[in-house]
């Protein structure tokens, strides 16, 4: 890792003092249980179709996954039940607005990075991600951000593509240089 | 005695300047590929394998096995510093290693990891030295029922102890087992749960899931909590080293138990991955203070690392003696042996004495040199934590993506990683534990295959799991572990009842 | 690191006459895609090819072995299918290209890829454990028929070549076998040695070492004629000493191709490069040595001959799968 560029900054991601909660743990937990129940039903159906019986020589392909789906659905329903019978549980904030904003500050760039990787290749995408994140989220000087991300992407490129022949997704820009 | 003569012979083969130089080169390369995300042990060794095609077999295996040691040492580094396990057996190291790094005890955790790796490997090498000729027959006793009982033992050592609500542990494990089943069912040759997506054919790779669950979700959480990995200047010094080493003898039971578990599971073909989990769980289970595990307890680093390395080392034995690799990396080494015209199998020990004992001697030497090498470089790795979070976070994201992609060269896996990142974030926040999920994903399909093969072999008769003393004792042990809380309570109750009886009587 | 490899192979390169200049050459590392796990027969062969190419400097770019054994090899097939017009990937194929689409309904057809060459034919041998008292096929089959519990037969994968052979053995003899599908031939070999199965139908290469160690017995080979290699492999036997199954009264034959394929939509120049490359590989001592050691049948087919062979082989395999009842509805 290019730890040679040591940069000291004020932490720009300091949390606001009293940020209103976006949602409570309770709501998220209930939502997760519902999603899990739906997933379990879907998988149970698929495994029922595959064959979930116990043949003469042991279980069929769908046997274990089917009963696992049933167990998953059961445990999730139990979870829903506990939520229902304990209205006081999980009232605390799942995430405050301020926290959510900061989580999104990493999540959105990461998502865009994945998208860019598909189109532009991994190295260009990583250059854009690192430079953009350092500059916009970290408020680090633009030249430092660009330099760090360029050095990092180049080190990765040389290590993987040239030294170790590990093939990463590449896009039009690498193609220009014949890779 | 014969072992000593042969080993001495091995050292003679080994102690030439050329071999020693190759050893150093191998170790440095190994640590390097171990630290690089997405390379890790098996991939790293596979990539460097062609380097050795033109060497003589002994030099080649010395270099490759040193790459292997280096990669084993290196794997601990990313687990502790970034919560990204490079190999399946590094997963358990993250449980306590990463919290330690967060508390500014990175150097301590790294020292602990390296030292316990060394102890684990040493234990296994000693075992190999003295048991090599006879051990093949032990591994041969493992058929499908025995394999299943070992997996069952691993699962059972996990259930029943945990701070989380039981239904959440069950959800986590069931989900992991289900996802492990996606793709082709090897026993019937049928596809299941793929819903016609060709990307799901190959199944859900556990490393991709783990990189998302641990690596990406940790970035999200860190950002939310603003823990910003910074400021902890990891001033490694002889003092940290000394302190860790001074404390070590206190954990001798943990170290010994993990070494034994590791060596045993490593020799059991295919069992190497289970070792680190089992080492960790047993340390937790028999600890006086199980609650402190997962919060940065040094014992939680000792236990899995010792077991992982004992098993990683012991895994070479079935590879040499039987031609069955005990781990992914051992499988690649196996490929290497064949390229050099050596056929692993029972005759290798008879026909290629120089080679085999040269290799075993190189395990001793490589381990010692490796330990010195990694310990002296701890400050370099720990310094990474001083880089501001805004720079290190995107770099970790990129590293995760490289790692996820490199495993199967699939863009789909990068998206899967992102999905698991979100799942990991949500699960951690609502208290669904991730460890049972990971374990299930790693061992789920092996356990199922072993169970079904055992059933086909026995015509569907469940008594096959108690059909001989080996499988019977492992299965029984598994159930004892499963019901340990109940049993220990019952034992306590009985002794309580007995005591007043004695007094009155 | 790369310069190190080049330096090491330079000597070997000089001893070989340089190839005439070709119209096309790979400009990137070439991936040799293996549709099986590490250490299996395909992987071993890929590593042999990799080593032969490197030792004799047959190609400027390095060759990397890429293991895609997921979903019993379906992963490799789908990977090749999605790599249209990429001339830097070669698949080392075997009979799964016919069987997998039938048994698991994988949307794959080998005609979508570009055939390069057939480089070998692999044999199947019926093996049992030496500690069992059955010295020949007849004794073995009689014991299997008489047994109350069906004999356990090990093999690689489900509804594939090993499984098909087992079904045909059942049909011809009337004996019943419990077929245990393992993940690799190596595993099937060890399980046989450990007496967890009574027999298996491994390829010679998969059981070679345990045979040499005297732990398994070669009962018969599933071919019309005996294997031609006469050098002693074990203390007493050469491959040629193993009788054919037909000689022993078990009329079942099966040979499996080992062939190289490029993805679809590559240019004729690109195909020509690889045809030439594998032709050269098949002339190296490494290849010849490998063929003899692993008891493979040498063969080199390309162009029209190869397509004709593939079509016939496909028909044969499909009818076997149909008869065995392994075609998914």
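By written order: A, B and C. Residues from 1 in each chain.
Here is the rule we go by: contacts are C-beta pairs under 8 Å (C-beta built on N, C-alpha and C of every residue); 3 or more make two chains touch, one makes a residue touch a chain.
Treat the numbers as computed from the prediction; the structure is a model and nothing was measured.
Averaging C-alpha coordinates per chain and comparing to subunit B, the farthest chain turns out to be C. By number of C-beta pairs in contact, A-B leads when A-C and A-B are compared.
A simple rule picks the central chain: find each chain's mean C-alpha point, then take the one closest to the mean of all protein C-alpha atoms, which gives B.
Rounded to whole angstrom, the centroid-to-centroid distance between subunit B and subunit C, based on C-alpha atoms, equals 32 Å. Averaged C-alpha coordinates give centres for subunit A and subunit C that are 40 Å from one another. For the pair subunit A and subunit B, the distance between mean C-alpha positions equals 24 Å.
Residue positions 1, 62, 64, 178 of subunit C are each in touch with at least two other chains.
Taken residue by residue, subunit A touches two or more other chains at 57, 165, 167, whereas all remaining positions touch fewer.
Contact of a single residue of subunit B with at least two other chains is seen at positions 47, 185, 187-188, 190, 409, 456, 459.
For subunit C in complex with subunit A, the touching residues are 1-2, 27-29, 31, 62, 64, 178. Subunit A contributes residues 1, 3, 5-9, 11-15, 25, 28-29, 32, 36, 43, 46-47, 50-51, 54-62, 64-65, 68-69, 71-72, 75-76, 78-79, 82, 90, 94-95, 99, 102-103, 105-107, 109-111, 113-114, 117-118, 122, 126, 129-130, 133-134, 137-140, 148-149, 152, 156, 159-160, 164-169 to its touches with subunit B in the complex. Subunit A makes touch with subunit C in their complex at residues 57, 162-163, 165, 167, 178-179. Here subunit B touches subunit C in the complex through residues 46-47, 50-51, 53-54, 139-144, 183-191, 198, 201-203, 269, 322-325, 328, 331-332, 334-336, 338-339, 343-347, 408-409, 449, 453, 456-457, 459, going by the rule given at the top.
Within the complex, the subunit C residues that touch subunit B are 1, 4-5, 8-9, 12, 37-39, 43-44, 47-48, 50-51, 54-55, 62, 64-66, 68, 70-72, 74-75, 78-79, 82, 103-107, 149-150, 152, 157-160, 163, 178-183, 186-187, 189-191, 193-197, 208-210, 212-213, 215, 326, 328.
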